[in-house]
Every structure is written in C-alpha cells, then in structure tokens.
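I have placed the structure first, in the form of structure tokens, so that the comments after it can refer back to it.
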Amino acid sequence: MSKGETLWIIPDGYIPPQSSGELTSHESVCVLNTSEKDVTVTIHAYFEDREPLMGMETIVPGRRTRHIRTSSLSADGRTIPAGVPYAMEVVCSGPVYVQYSRLDATQAENALMSVMAYPVKGSGSV
Amino acid sequence: MSKGETLWIIPDGYIPPQSSGELTSHESVCVLNTSEKDVTVTIHAYFEDREPLMGMETIVPGRRTRHIRTSSLSADGRTIPAGVPYAMEVVCSGPVYVQYSRLDATQAENALMSVMAYPVKGSGSV
Amino acid sequence: MSKGETLWIIPDGYIPPQSSGELTSHESVCVLNTSEKDVTVTIHAYFEDREPLMGMETIVPGRRTRHIRTSSLSADGRTIPAGVPYAMEVVCSGPVYVQYSRLDATQAENALMSVMAYPVKGSGSV
Amino acid sequence: MSKGETLWIIPDGYIPPQSSGELTSHESVCVLNTSEKDVTVTIHAYFEDREPLMGMETIVPGRRTRHIRTSSLSADGRTIPAGVPYAMEVVCSGPVYVQYSRLDATQAENALMSVMAYPVKGSGSV
C-alpha cells in the first residue's frame, strides 16, 4: 500500500569543503520508508569531468526515516569528493519518498536549501 | 471542486534545538483548505531509531490556511523532540495543499528553507 | 502550444515586517508567460483568522515574465498585511508557470527560500 | 531508457549584481544526463520589459552532469544582465533532469535557494 517511487533524481549535489561557526556544512538525502519492509537505497553519483561513482548502498528499515549524509557514502572504498559539483540518482528496492537538503556553513552564519527529489513516475521495482 | 490531495509527505523534518538573534527556530507545516468544509489534518512522525509517533491532529477550517508549528503538535501527551531527524506523513480528511518551511536561527542570522510537500496522487479521501 | 497551467497554489505566504541591512524583505510571485497573448493573473489570499481577500489582479504580457511583489497587490484598496501568515491561490486567464520566492532581511544578513508553486493539473481555462 | 523530460521551466531567475565575503553570487542550472548520448541544452531568457534572449546553447555529455553558471551563457554575443528579474525556458535535445539554485552573497554571509525546475510532461523530443 506504500505509494512512493523507486527512482529519484537530485541534479544539484555539492559537499561544501569548508565549515565555520557552530554547525558543519553537509548534505542530507532524506528517505522515508512508510512500508513494513526494509528498503535498500543505492546512490549513483554523476560528475562533470569523470566517470560516475556507482553503487553506494544504505538500508532504510520499515517505518523509519534515514537522513543520509552524503559524505558517509562509499562504494569499493571510494567516496564523493568535497568541493566538486555532482548529481545523484537514488535507486530504491521498494517505494519511498526522498528530499534533499544542504546546510552551507562556509561562513559563520548558515545558509540552507532544500528540494523534493525528482520522482521518476512509474519507475516500479528496479 | 477543491483540487488538492489528502496525503502529503515531508521526508526532512528537524526542529532546531537552539535559537539566537531576534527570531525563534521553528518549522511550519502550511496547509491551505480552499473548500467550504473543515478538514482534519493528522500528522504521523517517523524517526531513525524508534517507533513512529502517530496521530497528531489539527483542524483547518474551510477557506482558511493554518501554518502549523510542529513543536505545537502532540498525541497522548507525546511531542516531536527537538534536535532529532524525522519525517512526516500528513493525512487529511479532505483535499488540501501542503508546504513545509523551516527557519533555522541557530546562529544570530537566519537560514530559511521551504519545499512543497510531496503529494500522493489519487490518495482520495482517507 | 503553451504548456503551463492556469491554477497554482502557494500555501506558505508571509511578508516579513522588518528589514535591516542593504536589501528589503519581500516576497515575489514569479510568473512566466511563454504564449503570445497577455494573461490576467488573479491572486486570492487566504488567512488563519479572517475572510479571504479575493481578486487582486495583474497582467503578464505575452512572452514576458513578471516578478510580482506581493506587497504591491491590492483589491478594492485592501492589501495583504505584513507579519501575518497567509496562503495564495493564483488563477490565470491562460497557461503560465509560477514560482514563489521570499527574501527575509529581518536580520542584517539575508535568508532566501523558493518553491515552485503547486500546479493544479488539468485546471484548464478558468 | 532515460526517463527525464526535454522541456523545463524556471520562472524566477536573477543574477545578484554584488558579492561580498568569500563566495561569489551566482545562479546554476544543474542538468543531469543519465543517457549514453550527448544532449544539447538551449536556454531562452524572458524579461519583464524587453524581448526574450533566445538560443543560448550548452552541451551536457552522456552520463555526466553540468552545473551551468547563467552568467557564462551567451547567444550572438548577448548575455543575461545582472540585477534584472528574468525567467528561463530550458529546451533539451534529449531527456534530462534540471534543478535551479542561487547563491546570494550580496551581504558577507550567504543565502541559498533551490528548486527543481518545472518539468513539462510529455514534452518528448524537441
């Protein structure tokens, strides 16, 4: 009965390389799984000038949310570099909802942005 | 004739635990009810590491908006804790429109973010 | 051939009552009309505790954009009050695209937020 | 198999004319091309008080993202002026995903905003 989608897109990814002030610059991929079953979330990162970094996996348990820090993701020991523009494809083993937020604390005072990720309709199970 | 939806999703919820400066950190779930009839809005909160907090209710009268502070919500005396990542499911007794905004005043200067909540299409009456 | 919609919703409206620093707090309802014909945009404001303020009109010429300051709107001499939470229904005589942005300069440093307004699909001509 | 759209709309464009602090005010049109083929992205700018500036082209290679600075765009030697409200139509030769973000560094501390561009469904190949 869960109504989410299994493929979500975030074109504007960027891990700010610096922090000052009280908080740390970071991005979160926020996933809500309202179903009873665990969902595997696989993130692929695309870049401007190099091959994609595919297959960074996380589990979101049933009836739970996970606010995934992009800096915590890795695949085969590779991670998303800070200070580099990129984009994300979020592929899920079951239907979920995805929002993307960034806190930029490059300067002492913070800046925030957030978007609902773009849902690919009818993406079905992948 | 009201065209809204009855189920809306907000994956990135967070009540900033601190405020400084002139304004107070807060989140608002902004609901517009353009119909003539009152709508009951029921918010369920999902967490990363504990069971969901279900059934926090508010009324939005006909031809009115309500900008609901998440810190004002409760069910059976339980409230959403500050400083904890969570997600919301917004279930409505009639069709409405929902937007989510956060003011973070952790530092003296403010940061704002806002998203349209994710509408679950064809959610019908619940 | 224009593909926009004629009814757009903005649940979180708020005119910040104060400004400091170099810029002035304001909201903009940004409308793009890619057709050849002028479009009449009629904004209705809904409140938490009073009757709606209906019928604030603006023209957006063909192949033009207008970034409408909400504080400039009026109907029968009535305007949207600052410092009061409200919501907007944007009714258009032809298909357009609508985005909503707010600059909050309550404190010396600025905070920005923006959302695509919520399109009511199949709203047709009104 | 790429599921994006070929026509995306951004009603609120604005290049902040000033910068202070460590970062430079700018806007980015962030495009993700998950297909194997290069896509040509053509941006048309619409204004409040003058004729549109049509036909600013960029290439986004297959399996790459481009975060396009609007100040870098041009057609026939003409560019988008800073400090002027405008809107964008983003026409693509193949299906992609588009997000728009703005960093305003008018004051020493930064303000950020971001929206998913508005997808024109069924826009097909153009």
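Read from first to last, the chains carry the letters A, B, C and D; within each, the first residue is number 1.
Basically, contacts are C-beta pairs under 8 Å (C-beta built on N, C-alpha and C of every residue); 3 or more make two chains touch, one makes a residue touch a chain.
By chain, UniProt protein names: A, B, C, D = Sensory rhodopsin transducer.
Just so it is clear, the model here is predicted, and its values are computed rather than measured.
Traced through touching neighbours, the fewest hops from subunit B to subunit C number 1.
At the interface between subunit A and subunit B, two copies of one sequence, fewer than half of the residue numbers in use appear on both sides, so the contact is built from largely different positions.
To fit its Cα atoms onto subunit D, subunit A must turn through 90 degrees, a value rounded to the nearest 5.
Between subunit A and subunit B, the centres computed from C-alpha atoms are 22 Å apart. For the pair subunit A and subunit C, the distance between mean C-alpha positions equals 31 Å.
Within subunit D, the positions touching two or more other chains are listed as 108-109, 111-116.
Every residue of subunit C that touches subunit B in the complex is listed here, in rising order: 7, 9-12, 14, 46-49, 51-52, 85-87, 89, 102, 104, 106-109, 111-118, 120, 123.
Contact residues of subunit B toward subunit C in the complex are 3-4, 21-23, 28, 30-32, 34, 63-67, 97-99, 101, 103, 108-116, 119.
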